[in-house]
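Okay, so chain A shows up in both of these, paired with chain B first and chain C after.
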Partner chain A sequence: MEQSKQLIGIKEYVAIALLMIGTKLTDDTPSIIFENVKNAGWMTPIINGLIAIIPIYFLMKVVTNYKSKNLAEVTDHLFGKFFSFLILLLLLAVGLSAVIIDTAIYTDIIGTMYFSKTPTIIIYGILMFVCAYGASRGFEQIGSVAWIVFPYLQGSLLLALILTIGQGNTAFLFPLFGPGTWEVVKESSLKLSIYADFLYLFLFYPYIKNSKVFKKGTWLSFILIVINMSISMACYVFLFDYQSIMQLNYPYHEVIRTITFGFMINMEALFLPFWLIASFVRFSIYLYVIAILFGHLFKIKHFEYLIPSLATSIVFLGMIPESPTFAIFNLRENLILIVSPLFFFLPCLMWLVAKLKGEYKNANKKKVG
Partner chain B sequence: MPIRKKLGRIIFSLLALLWLSGCWDQKEVEEQAYVIGIGIDKAEDQENRVKITYLISNPEAGATAQGGGSGEQPREIISFVADEFISSTNLANSVIAKQITYDLLRMIAVSEEFARDEQFIRWIYDATKAMEIKRDIKFLVTKEDTATFFQTNNPILETRPHEYFEKILNTGFNNGTIPKSELNQFFRITEADADLFLGIYSSSEKERRQQSGEDPHQITAGEFQFEGETNTTQFIGSAVFKEGQMIDSLTIEETRLAILLNPTLKPGFFLGTLPDPFDETYRIVIRVENNGPLKVDMKLKSGTPNIDVIVPLTIEVLSNHSMTDYPKDAEKRNKLKKSIQESLTKKIEDLIRKTQEEYKTEPFGWSLIARKKFSTLSEWENFDWMKTYPDMNTNVSVQIKLGKFGRQSDLPRIEEIRD
Partner chain C sequence: MLNRLLRKTHRKKVKNEQSSNEKNTLKESDIDANLENTINLFKSLYSYSDNQDVILRTIHIPGINKNAAIFFINTITNPMSIEDYIVSPLLQNNDATKQVEDIITVQSMKTNTRISDIVTHINNGNTALFVDGEKHAYLIGSSNFEGRAVEKTQNENVVKGPKEAFNEKAATNISLIRKKIKSESLVVESLIISKRSRNDLYIVYEKDLVDDKLLQNVKNRVNSLDVDAVQNLSLLEQHIEERKYSIFPTVLYTERPDRAASFIEDGYIVLLMDNSPDSLVLPATFWSFFHTSEEHYLRFPYGNFTRLLRIMALFITLFTSSVYVAVVTYHSEMVPPDLLLAIAATREKVPFPAAVEVFLMEFAFELIREAGLRVPSPIGPTIGIVGALILGQAAVQANIVSPIVVIIVALGGLSSFAIGDISMNFTVRIGRLLLLFAASFMGLFGLTALFTMGIFYMVSIKSFGVPYLSPLTPFYASSGDKIFRKVLQKEILRPGYVKPKDIKKR
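Moving on, here comes the complex of A and B:
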């Protein structure tokens, strides 16, 4: 499985990042944000984006300082074996629970919105089977698939948003600051971890062509994600107004069920396949991330072989919660709150340690020498 | 090689889609009974139950590609008492052979009696729970029981019910005789708790009493008197909902004005009549069209809140029964303009006064404009639109631009003909 050492370019990398993080706007992340920030929910991605620049910037400084070392190896290098193990174990735990919760949510979406009679285990099983297959094909394959499907997914989202704006009312955005300026900033920053996935993107560093591509790609996808999230959330408010949107579980899916395109009603039939493909790619990436971390932690060289068993255990763990729409919603909300400080402080800490150890000077010397 | 791999991946994903459409949720079009409309009435003597009526469309009826030409009816109607309209599909299936589905549901009808009931809101929210019900379906109120409504409704030409309802509701909205009334709006307005919601008002029974007043546009559902060989169902005016409960109904004219005064709606044009300023015995036909966007200016923060509304309209005068000489006499045109302006302003003011005094809030969506004046939600909620609106000063000014005077603008002088 060493063949996946082929390096990927900027297109594939940006597509991966967008599918991994941007897809969040179609699940219940918007509901979690709207719950406290109400009609000013569209500002949260922007405010969080501004804050998230700090950890991403630091992390970028640290990781790109080393050639072809991923986040895990850099942590090993900086913190020493024991602490690094703890940190990576925490990252693995967070990542794994995120995957379990998210896949359970997506299964719930498919089950409640589209296939109400199909047993959950079947939906979950097929979802994870497809994703495990995708993930086990290797990173560079995921990259090409992400790039192939990305234009269509972005196109379908754009179409949905255009139709929403046409049928919505911009007046619903007012009063502009929702629950109050301070409240918006505070509640937003608590949910910083909607961008925490960027942390995991740094695991892919060795697979990217060079550090320039990685830097450019990360920032580009970051900007695109912020724009995508913010505009979509504004569009949800246009269509439903804040009181109604706080009651919806999955705004995107209510949107595509509500909008019509001329004589065409039942538009969700058009959008569902695109969304499904996006979900498949998204969880393939996640599975791969988990596998990398797991493999690194427990010294398993051919970590791709882990993916099927990881996928299987995810299915069974994800099936546990009762009435998933509520239970998982709460779990997810808590996870978001817990991860936010981790996402913010870990990169800062890493940068500080690297600085104290004098890593940057060494690197510069090396270059000079 | 990579291309083949990519292809393989795409084909694989597509195959996966096929599996996901699965056996459990597989639906054969031929094996479904498509409910086009649900009717909800109060169940007699049973407080916590409702009477459900299904209007089921037969997609085969009247299709041109029909083989054998079966004489099947275009629709099927069933009414029964149930707890709500989600589990009721199973009950109905004990009579109807095909699996009942809401996939193509286009409207929910509620009898006026039930809509005026306090408990109504509890039942209508079931529509947000059911998986198949979409939020863009129409919401209408029937004067009589919905069961009677669906049964009496018997269109002669558009016999297939889905086609009939789509056509008649569209035409009605375009003419301004009924409001748009989607379920989504109903929920949104009820939850925002500031404006009134206007639902489509309809009836399948003609009222026996004579048409009241002189203006044929001052009627609501059931009051339109007509003869001939046609359907008896009429969709006229709107049902007014406040806080999820029906409180009144509006006539055609009031509905039109409400659409006209709503900045969020884009009305087309509609026809109406006004008294002729040159001869009180006749009325002139006018074609009203928006001439630019409605301007609503609000001063809410200091003293008594104030609303200034400027309604720019283009008016075409399409009849001239007093046979006045408009083309050559600018003064007469001015008089006409003034008279139209006055009577329209008065009508609008009357409607606004009615909303302030009787309903205590408005159906024009003005609260959305007021929201822009506030920077936070708590300020807006403290302002309490429903409490403050009745005491606001409103100034309406109608700005009129006279358009065409019909296809032929001049008429012969009546004095010359009759001399």
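Moving on, here comes the complex of A and C:
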């Protein structure tokens, strides 16, 4: 808060993006995807990735057109006060519900897989306390932490995947297209919103060193995320086959429980801390995103001060669903379906409006209030 | 009654203040041309005749036929030089045309009229010469404070490389640095930082390297001190650091002149003071506490081997005991069955939970360490015997702790010595206890939560505007001397985070 605002470089930015979106492969996102496309689930990230290029490209065009304006300010500028308020409110609602659902899931993972006797509120409370602490340190600090821990997290994932491949059966991958080509493409595209978080990345635009770093960083992290997701999903199939993977809620955690390495039979103790660090950093970023949006919508300048109260309310909202393992799974599935069209059409709409308003012609002498 | 008493003491205080105010205004004035008056003034200032080591000698200078007085404090001056270069020439002078400056044969001499300046010089061991009819005093350098000679390093020992250490004399320390940096751009500025004891501080830097903003920042912070006395650098460190309650140090404290010199050559600022056998290096990053000078003196593979050992020791110190408690208490299913059985077998007869057991042992270990430090050296070996024998062997035999806990705590304790810097050593030890607490309450989850918060805290620390973990993050151009160092020929950049005026080393 009292820190001077320093702009972050490409390393930190890519680390943030990867931790924010890439961590999804360790929660129940893979299960949601596997549910409909069976053993071709590993293709979904790639197919979705190809589709997601369109909205990200348009958004990049629109946002980088303005110097040091984030997504919210650009929306204000393009749609006028009223409509932009509605759009941003929608984004905030989606973001907030995503954070609530995701934190509830992560709490459930920790609770069911590792601390089955500990009350949920304590796990949830500690999780959000750490994230709130991290987020209130400021964006630059989140970036630094993300970059410090990122190599080790990626390393631990890589180790897990290598061990998985060693113990898995590649034949489980066939038939290659699972339930059929058309089915795979259709079902995949409905779950486009696994990349919807990229929308929120554009809120960070003013914090990044320059637009070149932002463009390069976004595309680089996008490619890395697609690769990470599809490889690890393929690995899940190797190890479990599609029948059992559809039954598993949290495949990553089952993977690290199943794999062995020499004399070490139970390895989850080795991977759990890394995964926990990734989750802490991930939700710190999300909290910060929500705080930016909230602050922008309701004209709160020092939005960092919102973070503790946001975190507290998230804990109590996330505690509401009973038997979270099933309730939240459904909630999340629905959220993914709802957000997909939003993620696809909003950037296109923004680009179209900008085009019609003639924003690109006088882009160089831009100075918009 | 109480009221009256209060009033009385208050009145006294006011009176005292008045007299000290009078003295202060007196000090700001100039000296009198009349020798008698001047002598009386200085006699009263120094409580002459009560003050045993204040010497006043009146003489008559024959050649120019004037009376004069010499004033000095004999415990901090060199009597030989006063005798040979001041008194004898003055007494033996027969030449009427010579000025006083020409009679005295000493190296350094100044004239001054202000009483406060003259007093400062006398307090620093110089000799004041007052001559009748002259409105200024001659201040002659003759200071000679007692101190020890340059000795070997005590705390930052190296096998290969220079062995000399700073001592308590700032002049010696400056000379040790100048011996390493023979350059005219090396500047030694001096400042008086305390109001009553008038302690000198020396700011050492290279003027064509150091960032002016950083220098100004340091000077401002030193000048804004409002204290009576700062005896040495260890106290000054606590006055100028930013986060006084933080467990992380932000100012580096080194007793090695070679290390101080190499920091100066990178554009850092070094502070020296009398009475401090060490120097302060500003700004400091995490890495400067992690490194020692020996890693650059050793060849590349050897130096990095040491670094590898140290980073492993750092993590072992921080995590062994807490991970043990977490795993045994919360995650026993994660341990391979054979190992788990082995642990369970040793813990069978121990009545305490693992956390209590480890805390007991950690406490004992810290006690032994503290006792070993404070114990008078003739009975030092006893502590070793008592510590090892009673607390190790007997505690296990009495089933108070299990043998594996002794191993765990001893391993962590031993590793903590690999962090040589005294401040960082404390950080690591306190951090280890905090992590142990977290692990006792919430297992690996609590441990990781606290660790993540620690990293978040570390990246938000700044030392004089420099991020604590730079150049790791945020990125700065530098020679990349982080966990490992590069080959000497590739270390061609000065650290960018101190913003040196010239970033290239050659």
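The rule is short, and it goes like this: the second predicted complex is superposed on the first by the 360 of 369 C-alpha atoms of A that agree within 3 Å, B and C clash if a C-alpha of one lies under 4 Å from a C-alpha of the other, contacts with A are read in each partner's own complex, and residues count from 1 in each chain.
Operating definition for what follows: contacts are C-beta pairs under 8 Å (C-beta built on N, C-alpha and C of every residue); 3 or more make two chains touch, one makes a residue touch a chain.
All values reported here derive from a predicted model rather than from experimental measurement.
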{"item": "Clash or fit (per the criteria above) of chain B with chain C on chain A", "value": "clash"}
{"item": "Touched partner set for A:254, first chain B, second chain C, both or neither", "value": "first"}
{"item": "Touched partner set for A:138, first chain B, second chain C, both or neither", "value": "second"}
{"item": "Which of chain B and chain C A:171 touches, first, second, both or neither", "value": "first"}
{"item": "Which of chain B and chain C A:223 touches, first, second, both or neither", "value": "neither"}
{"item": "First (chain B), second (chain C), both or neither touched by A:280", "value": "both"}
{"item": "Which superposed partner A:269 touches (first chain B, second chain C, both, neither)", "value": "second"}
{"item": "Chain B versus chain C as contact partner of A:148, first or second or both or neither", "value": "both"}
{"item": "Touching partner for A:9 - first (chain B), second (chain C), both, neither", "value": "second"}
{"item": "Partner chain(s) touched by A:162 [first = chain B, second = chain C, both, neither]", "value": "neither"}
{"item": "Location of chain C clashes with chain B - one stretch out of 440-448, 476-484 or 494-502", "value": "440-448"}
{"item": "Common interface positions of chain A, toward chain B and toward chain C", "value": "110, 114-115, 118, 122-123, 126, 130, 133-134, 137, 141, 144-145, 148, 265-266, 273, 276-277, 280"}
{"item": "Sites on chain C touched by chain A in the complex", "value": "327, 330-331, 333-337, 442-449, 451-453, 455-457, 459-460, 462, 467, 469, 472-475"}
{"item": "Residues of chain A touching chain C in the complex", "value": "3, 6, 8-9, 11-12, 110, 114-115, 118, 122-123, 126-127, 129-130, 133-134, 137-138, 140-145, 147-149, 263-269, 272-273, 276-277, 280-281, 284"}
{"item": "Chain A-touching residues of chain B, taken from the complex the two chains share", "value": "2, 5-6, 9-10, 12-13, 16-17, 19-22, 24-25, 103-104, 128, 131, 134-136, 184, 187-188, 191-193, 264, 365, 368-369, 371-372, 374-380"}
{"item": "Parts of chain A lying in touch with chain B, wherever the complex brings them together", "value": "38-39, 110, 112-119, 122-123, 126, 130, 133-134, 137, 141, 144-145, 148, 169, 171-172, 174-181, 239-244, 247, 254, 257-260, 265-266, 273, 276-277, 280"}
